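Report on one structure; see the data block that follows.
For clarity, chains are labelled A, B, C, D, E and F in written order, and residue numbers in each chain start from 1.
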Amino acid sequence: MILHTVKTSPLQTFALADCLNYLAKDDALLLIEDGVIASYIQLDHLPLLLTLNNEGRLWVLQEDLKARAVVNNIAIACNYKGFVELTIKYKNHLAW
Amino acid sequence: MILHTVKTSPLQTFALADCLNYLAKDDALLLIEDGVIASYIQLDHLPLLLTLNNEGRLWVLQEDLKARAVVNNIAIACNYKGFVELTIKYKNHLAW
Amino acid sequence: MQINKTKFTLVIMGPPYGSQSASSAFQFCKEAVENGHHIVGVFFYQHGVLNGNQLVSPTTDETNLPQHWAALAHKYKFPLEVCISAALRRGVVDQSEAQQLALTQFNLTTPFVLSGLGQLAELSAQCDRLVTF
Amino acid sequence: MQINKTKFTLVIMGPPYGSQSASSAFQFCKEAVENGHHIVGVFFYQHGVLNGNQLVSPTTDETNLPQHWAALAHKYKFPLEVCISAALRRGVVDQSEAQQLALTQFNLTTPFVLSGLGQLAELSAQCDRLVTF
Amino acid sequence: MPEKKVALVNRKASYGSTDGRESLDALLALATFNNSLSVFFIGDGIYQLIKNQLPRLILQKNYQPVFKLLDLYDVKNIYVCEDSLKRRNISENDLIIKVAMLSNKELKQHLAQQDQLLGF
Amino acid sequence: MPEKKVALVNRKASYGSTDGRESLDALLALATFNNSLSVFFIGDGIYQLIKNQLPRLILQKNYQPVFKLLDLYDVKNIYVCEDSLKRRNISENDLIIKVAMLSNKELKQHLAQQDQLLGF
């Protein structure tokens, strides 16, 4: 059970694409920093992101969303406290 | 007449894709640093890169190629002296 | 209600200014300790070593991340370990290292300390969770 | 054969260690001056300001980029201008700035000098070619 | 000799990196000395201009009010890539300052007219 | 308590950034204290392993000989993503050390077995 964090924009780097490629079925993904941009725009990965969201495995950091005034259409929003809790729930962490 | 330089891998960032999107017909492209990776692998942009090469507008920095042992199949190789000359020939420079 | 205390090690790879990751790490760290968790240590590697530079001097309305780290570490008593090999390459040295290298100046601020990568192994062994920024 | 001398201004955005761009810039700069061209000035901005840090201490078999810049600038007599606002945020200060900020240490090495962004405008106006790294 | 046409090209979103903020600092400084400046927002650069940002939540300063000063500093050539906006589902109304929209073709033409470019 | 399984995940090409080199430094240091290490090369990370590199041409040190020490340090779990190699037209023979090839599915399984991951 790995919590993956992606911190770059999906239109700037391939971090999100690469992360999704190695994400296992028990893992979760938290979008942080510029990575929160993926929670609004229409991406090629949308079907996979929607599936992750339906399974409660796609998160986005609220502070980073609000800082950028980016709207979240696709993920469960959590604050830094939620981020800490996610790292406890998922025993391992990988930053992309 | 702009000389564009791309320094990141085409499989790491969208710098090459973005650069090609804004490259005008008088412009040239020089691949440097990790950007030289684009001179070997099969990319979606291959047709455009081949056209650029045919028109003598696609260059790759030899020192960066050899440092990485990456083979160049697609661009005109030049050394740092050639890089300096390209910046003189093309009056303007944009780094991606 | 009793909180299950988790022991965290944080690894910081980003600089104090220029990219957000060290700042994200600080916010995560603060939230963790304020919610009763324990920080075994914060290990600064790669560009992260610049967080220990006492010469960082933003304007007064901006965040001074080295000072923030120092204050939080002081309050909650956890170590700030700066990888010495990454630090030397990036120009972060403490007073004794400066003397050894015959440098007339130094810039590492307390309570940051220079450590070897072995310390990362130690922090990795001691924690329940390793989180990287 | 006479060489047409071109006047270059280089803008360096990357740090001396961690990413290649400052090193690429140095190699470009060296090639340009050795081929008879003129460097109006090198302007260090963003993470580039860290190139002026005299505490950078790689092992002896590695490149010490601040020293390389200093030697090349000395030999070919061109200025190394470090943006002061970017430098203060990243912990690069000279002796006089350190005194003003009540810091006991400093780390900018000669011949690097702290300048305002206005100096970038000046270098931009004076050159034939502006190249960014 | 006529004044050089200098342009800054912004391609990164705010806050993940300080590129946007440091580009704006450079723009204002250059504007004191040069009246032929342009600034382009392409790709993720347009995220710098979205209204209602609250960067204090992530310990950063809100530099957006500085964009309002561009007019005072006589920086009139503020261009945004229309395709980049569309790709990101952002409308002109979401932006904090008035900008000129450029198609991809127009953008290339405008870039070609510059003497010097600085990318951020 | 059994020793933790720690893995380093390399995703960047050499020399554009020092990530590869600093990852290897960390790996050797950890290997002195921990015998349950693994190292993964995925995506552009495999460029770190290509033979015949000449980084002195770009003022950098060749750290590739250090990979040969991994065996001495008892780091036996060296994994490469097969898809990443194929995508880049690189064959196993182009690599400077012997590695274990993993399919995407196997890679996920191996990652899942780790206790701690460090990405570079």
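By definition in this document, a residue touches a chain if its C-beta (ideal position, glycine included) is under 8 Å from a C-beta of that chain, and two chains touch if they have at least 3 such contacts.
Computed from a predicted structure; not experimentally measured.
Chemist: Kindly list the shared contact partners of chain A and chain C, in label order.
Modeler: A chain counts here if it touches both chain A and chain C, which gives E, F.
Chemist: What is the chain whose Cα centroid lies farthest from the Cα centroid of chain C?
Modeler: Result for the farthest chain: B.
Chemist: Tell me which chain's centre, taken as the mean of its C-alpha atoms, is farthest from chain F.
Modeler: Here the answer is chain E, farthest from chain F.
Chemist: Write down the pair of chains with the top C-beta contact pair count.
Modeler: Pair with the most C-beta pairs in contact: C-D.
Chemist: Quick one: report the Å distance separating chain C from chain E, using the average Cα coordinate of each chain.
Modeler: Chain centroid spacing, chain C to chain E, equals 34 Å.
Chemist: Between chain A and chain E, what is the separation of their C-alpha centroids in Å?
Modeler: 28
Chemist: Distance-wise, how many Å sit between the C-alpha centres of chain B and chain E, to the nearest whole number?
Modeler: 25
Chemist: Among the residues of chain B, pick out those that touch two or more other chains and give their numbers.
Modeler: Where chain B meets two or more other chains at a single residue, that happens at 7, 11-12, 14, 33-34, 63, 91-95.
Chemist: Check each residue of chain C and list the ones that touch at least two other chains.
Modeler: Correct list: 17-18, 20, 24, 27, 46, 62, 130, 132.
Chemist: Got the chain E residues that touch at least 2 other chains?
Modeler: 15-18, 43, 58, 60, 116-117, 119
Chemist: If you go through all the chains, which pairs of them touch?
Modeler: A-B, A-C, A-E, A-F, B-D, B-E, B-F, C-D, C-E, C-F, D-E, D-F
Chemist: Quick check on the complex: what are the chain F residues that touch chain B?
Modeler: The touching residues are 12-17, 43-44, 47, 50-58, 60, 87-89.
Chemist: Quick check on the complex: what are the chain E residues that touch chain C?
Modeler: Listed in rising order, the residues are 15-18, 58-61.
Chemist: Write out the stretch or stretches of chain C touching chain D in their complex.
Modeler: Those in contact with chain D are residues 15-18, 46-47, 50, 53-58, 62, 66, 88-93, 98, 101, 103, 105-107.
Chemist: So in the complex, the part of chain D that touches chain B is made up of which residues?
Modeler: Residue positions touching the partner: 4, 6, 8, 20-21, 24, 27-28, 30-32, 35, 37, 128-133.
Chemist: Which part of chain A faces chain B closely enough to touch in the complex?
Modeler: 11-14
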